[in-house]
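Heads up, the next two complexes both have chain A, just with different partners, chain B and then chain C.
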Partner chain A sequence: MSDVKVQKAMKQHMGLTASRRISNTAIYIVLTIMSVIWLIPFVCIVLQSFRVESTWQVGYVIPRQWGWDNYVNLAKTDFWRWYTNTFILAILTAALQTIIVLCMSYTLSRFRFKMRKPLMKLMLVLGLFPGMMTMIILYRVLADLGLTQKNSIPGLLLVYVASSGMGYYVSKGFFDTISKSLDEAARVDGANRFKVLVKIILPMSKPIVIYTVLTAFMGPWGDFVFARYISMGTSAGKNVAVGMYDWLSQDQIGKNYTMFCAGGVLVALPVTLLFLFLQRYYVEGVTNGAVKG
Partner chain B sequence: MKKLISLVLALVMLVAMAAVGGVAEGFADSYDITVWVPEEIKELTAQQIDTFNNTNQFGIKFNPTIEAVSEAVAADNMVNDVEAGGDIFCFPQDQFARLLRAKALDELTEVFAEKVAAENDANSIAAAKSGDVFYAYPLTSDNGYFMYYDKSVIPEEDIDSLEALIADCEAAQKYFAFELQTSSWYLASFFFGTGCVSEWVTDDDGTFVKVRDTFNSPEGLIAAKGIEKLVKSPFHLSSSKADSFESNAAIVVTGIWDYELAKQILGDNLGVADLPSFTVDGEEYHIGSFKGSKLMGVKPGNDVYRQAAMHFLAQYLTSEECQLQRFELKGWGPSNLADQELDAVKNHPGLAALKAQDPYSVPQGQIHGSWWGIAQVIADDIKLATDEAGLQAALDKYLDKINELFTLDNTALLFVGAWNGWNNADTSKTYYLAPKADGSYVLTLDVPESGYMGGRVVNPGSWDTDKGFAQVTEGADLIKDLGADNPDNNIVFAEPGNYTITWDGEAFTIVKN
Partner chain C sequence: MKRYSDLEYLRLSKLQKFLYRLGSFLCSIPVAVWHGIKKLGLAIWGFIKGIGLSVAEVVTTFKYGSKPTRLSYFIMGAGCFAHGQILRGILFLLFEAVFVFYMITTGSYWLSMLPSLGILGPTEEKKLIPELGMSVKTTVYHDNSFKIMLYGVLTIFFIIAFIYTWWVNIRQSKTAEKILASGKKLKSGKDDLRSLVDDSFHKTLLALPMTGIIVFTVMPIVFMMLVAFTNYDGSHNGYSNNLFHWVGLDNFNTMLSWTSNTGAGTQSYAATFGEVLTWTLIWAFFATFTNYFLGMMVAMAINKKGIRFKKGWRTILVMTIAIPQFISLLYVSKMFAKNGLINNFLIDMKWIETALPFFEKASWARVTVILINIWIGIPYLMLTATGILMNIPQDLYESAKIDGASGWQQYSKITLPYMLFVTGPYLLTQFTGNMNNFNVIFLLTGGAPNNPAASNSAGTVGYTDLLITWLFKITTGAESQYYLASVVGIMVFVVVALITLVAYSLLPSIKNEEDFQ
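The block that comes next holds the complex of A and B.
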């Protein structure tokens, strides 16, 4: 290679790097600005939760006195009861809903039975109705079963889990991409259908399982409207969102604002942790199901 | 039901007089009840029920579950499902009609009603009644608003003048917080200040039957000019939160519930006063306000003894003794007359300011739920208006919306006749007698030449003459006396022309223009 050629190549190379660097810088600047905008509210809440010089809303962000008072004060309210309620509800819903969804998806993906297509269509159509629509009648049913007010938690569990089979699309789409010959091979080796699901399909579907668990966990964790309706002012039956909302009434907010922030931080914690550790699978799960389904 | 409870009560009282210790006959050993009170008085209420258990003369015992449910939420919950609601609950008076319609309030029998009527102030009594029947126990009489200000910014001598206050705030670059743009509750203050009214009347079931609203009137226009002064100031803040003092406010208009908070933020610089006056065309108008009560209700039920027992408890919880405890612990302004006379209550700065505002305040009667949304936009429209016509347009829009609500309002007076083609469902405003602030109704109309230049004043939608010929006192010479030939009490003009007709509540005055 002659010197001229080498120089030319080097120049080209430098030009490429430079332009890439410029575009990268621009992208990073935009992303940084956006993430700052998105993060400001969260940072504010965290900072407010450590402010101890006053309990109401103030015109500055950085606390003048730092402390754990707001977190300590939470124990003096029913907060931990609501938190436990929500946590139990979310865990149980996540477990039950995942089992139901996976079984449903596997069935619809692998079995061929009469009315399979119409059933899938029916569930799709039913899923299109807004859930709010059923709220009043569900309340009536639950009230007659005695599953409201102080028994709200089992009542809510029933509601959250009951229709979960209808959320099969994403995981069925994923199962459809796994070759059927794997099932057949396992069947030839003597595995029954259940074993095929547990030993062959599920280990290959980690992203989708985790995606299902996460979405199932998030539903009850953030529910407010239905949970509020069902608990009807009974502290023992409130979830954390409903309980904390009452601190925001006009005569309460002055006393409870910083405590509310502390509660908010604690509510965000488990979800944040879950996402941090499972983020990789979550993204995979969403894209897999969506593209190949 | 009511009679049955009366009977039981009479019986119980007889027995109680004879009983020495133990439970009065008929009552169960103890009753499990759910009591809904706001968070801040939860513990106090538990103590008070305990005291009731130990001291009541009938030996009634309650085993209460006390839940913290704020007043507004309690009303919502009760309406959603009365059966699952609290047995005894607190609510603000504006929810009264709604609760009554949902059948969530048990009627007070005479014994209780008489005591409520004797011991509480007039406004709270009015709030607890629908028609002539009591359905609730007054709990407080402090649901109004007044002015909190920062003494380090606002000089004492300026607190009576809206214009001076706005100037002070602008000079100090500090906010004047008055929630005019997002809350009808605060907005109405200016209108009440100029003598406008918005009175809604319910029947015994809590259904709205009439409205008399004079916001769209010359007086209303004056109020709009007052509002304009404040909302057009760059230092107006539409907020009613005492913590606005932390965000650069020098004045906040809010209620007694924010007193402790304001005190904590401003310390010795906290000043409280009644609302200021504003000046339009050389006339001064003191800004008015709503005043209201919080009430305690008892849920209806079938067990008469249990109901009677709960009424005894509700009565105790709203008694002189319990209201005083709530004042001492949480600063709640009592509705009880004896409590109001105590020095401690009289000297409370917040309650004193509320009292100073009292002559200018209007009892918050039953108000149609849609009114809050309709009136709310007035201040926004005023802010956008560039001239007097704009202000008038804001008020016209308001009245149109009210009319939509009660298109064929059966209190409106429509003068039907040849001039509007005898249309008794006329929705245009042309032939309605317009209500004025002084309670009179006025209409100016052109009577065209025709064979029968007559008509009658009816309630829209009806053909029955509401008022007519027989009620004309002044101007009788302008109309024809048809004698027996006028069974419908019609007013028949002798000549065509332009007439002004005024109804003052008792008689018509007819003037030819």
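The block that comes next holds the complex of A and C.
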């Protein structure tokens, strides 16, 4: 706000271009400071992952002695096992969840049937319940199916995919923007609804498919609470988040802090690269979702 | 409250205008709640009425219906067979057979045990082991309260599904007769199959997602709501130690009573609940609106004419979204920790002597959490706002400039109303989402610093604990008081639902207001 006031005062003395130049400079300064703040943690995490001389937290960032020790040490833990677990989980979740979400959103966007409004209301209400509440029973049910502890990865997959239909809002917003006259034209030409979906709508939906795949792929990397609850007590069934969380606990942080950094870099790398590569679709999706509500 | 006419309103001073609007906003909340409740009541009444009408229809159909229709009251699908719709008939009959078989073999058992949730717990019995030639004490397990409740609920769902199908079966027979009477042809089994990819394609598409939602979302929620009325906890796990039973509203009484709870010197649950709820609301408010306004400003700054590297700035911020939260949040939380990077650095530099209590003092921790949340949240809001800002018609600004509007006026009269108008529902979901923002709080502070007065044997409660993290702590605490966690969960739902209800009732009025600006 004060920037604006300064701007106003300046305007009376100088031409418009000069005042714009000053305000732009101010914006550049602010943006640069912001970029630094936003990047500092990531720079720190990368630098510290190469630190060899000590494994605990210190007051400087640039390592005094560089090396790959932390990365090498990862192989001595179950890290790669967790990593594979999460990777497989993420890929399967991305594939199956996308199918479910697209089925749901396409139907709710395109078809007008009696139960449509009640269904959407029901899902709105269900969304108001804290998901944490159902953790215990899901655990017990999965335990009965033998999908906990060692086998918790298929268990997690089942839970992620089964409840993913609730997150249809963004892609429904996208389908709403595709003109219905296309469907009708194809229907007049004798295509049934299934053909309309496969031949006409899907080829046009690349952005939203990519958005859905991307968000579904990113989910499992960060899921922590439920994954921890159902893999309790075993190492084989953990995902990276659960496994690495313990490294920063009170009694391990002195020993494993830099190893956490190294692991963090390895986890963040594929997700971040994929994300930056597909950023355009993500931005489109987020914007779409917010406008459509 | 006195209502002003438009003319009177315009004559008020700025402060009076503000107070007037605030007053009318506060006054409209009870009205909104009342409207919401009324709507809900009407919906329930409509539902009951609908059921009543259906029952009446079923009765009259039985009195005056044809023979096949009346037969399908007992043998489902009879009507379909009589009218030549073999496929449908077989499906109906099959469903009935499965239902009857299930009810006779297991369903009736679960249902009969549901009121008691099990009678006989595990017992110690002497068993003769032939190889040893002596008897050994072993524990024998009998009823399983958890399973009884789970399958009991499932059975009730199944019964409801059966009644619905039974009703559909009767109606179909009736409508089939009508169609035949009017001289048209009925759909054959082939037609039915074909319509699954055509006219009723939506049923095909929804089958899988809805099954998933019902089994893994609806059922667990119903189940956990029931848990709030039992004494299910770590020492009553319903199988291997003690059975659990229905306790009515006892748990709600515990949660809402003002008498101090079991642990010595600790405050009552109601007081703790009040404290946690207050902080949850404060947190949600700040987390939502700091992000909203700052994110919007960043978006405007990046979008400003003449700023270069737009994509570069955006990408830097968006990086934080890409990196899994457990890494970024955990790492940042350790940076701010007592012996973390920042404190170590400041001490090494001799700028401070003792570590700053980022997460040790209540007020520090709360502010730190909100600040770090800004770091997390701005990129999302920046992206959202960028898209919306681009949609604002540019000629609005042009004409405003010609009229001599300053930058601030353009912002407050064009940009902000437009943003609020478009993002109203989004703000609401953000607010409720922040109330349940488990990850940020759990990974940053885990609820710390500890609130000694509120903590008891059931688990610790901290000053940055939200209701949702408290719920988690109760669940995973030493005593695993699931019933209490369930009560908290229901309370969270009530609070969130109330806020949503009020907001939805108020949103249209906000929109109208902006239309006329």
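Operating definition for what follows: the second predicted complex is superposed on the first by the 268 of 293 C-alpha atoms of A that agree within 3 Å, B and C clash if a C-alpha of one lies under 4 Å from a C-alpha of the other, contacts with A are read in each partner's own complex, and residues count from 1 in each chain.
By definition in this document, a contact is a pair of C-beta atoms (placed from the backbone, for glycine too) under 8 Å apart; a residue touches a chain by one contact, two chains touch by 3 or more.
Remember, it's a predicted structure, so these values are computed and weren't measured experimentally.
When the two structures are aligned on the shared chain, A:I37 is found in touch with chain C, with no touch to chain B.
In the superposition on chain A, contact is made by A:G233 with chain B only, not with chain C.
In the superposed model, A:A143 lies in contact with chain B only, and not with chain C. Look at A:G59: by the touch rule set out above, it reaches both chain B and chain C. After overlaying the two complexes on the shared chain, residue contacts for A:A75 are found with neither chain B nor chain C. For chain A, the partner touching the most residues, choosing from chain B and chain C, is C. When the shared chain is aligned, no partner comes close enough to touch A:V188: not chain B, not chain C. Shared interface residues of chain A, touching chain B in one complex and chain C in the other, are 57-59, 229, 253, 257. Across the complex, chain A is touched by residues 36, 38-40, 67-70, 72-74, 77, 80-81, 83-86, 241-243, 246-248, 257-258, 260-261, 264-265 of chain B.
For chain A in complex with chain B, the residues that touch the partner chain are 54, 56-59, 139, 143, 148-149, 229, 232-235, 246, 249-255, 257.
The touching residues of chain A, when paired with chain C in their complex, are 1, 4, 7-8, 20, 23-24, 27-28, 30-31, 34-35, 37-39, 41-42, 44-45, 57-61, 100-101, 103-104, 106-107, 110-111, 113, 119, 123, 125-126, 128-138, 140-141, 158-159, 161-166, 192-194, 197, 218, 221-222, 224-225, 229, 241, 244-245, 248, 253, 257, 260-261, 264, 267-268, 271-272, 275-276, 279, 282-283, 286-288, 290-291, 293. If you check the complex, the residues on chain C that touch chain A are 146, 150, 194, 197-199, 201-202, 205-206, 208-213, 215-218, 220-221, 223-224, 227, 298, 301-302, 304, 306-307, 313-328, 330-332, 334-335, 337, 339-341, 343-349, 375, 379-380, 383-384, 386-388, 391, 406-408, 422-426, 429, 432, 436, 438-439, 442-443, 467-468, 471-472, 475-476, 482, 485-486, 489, 492-493, 496-497, 500.
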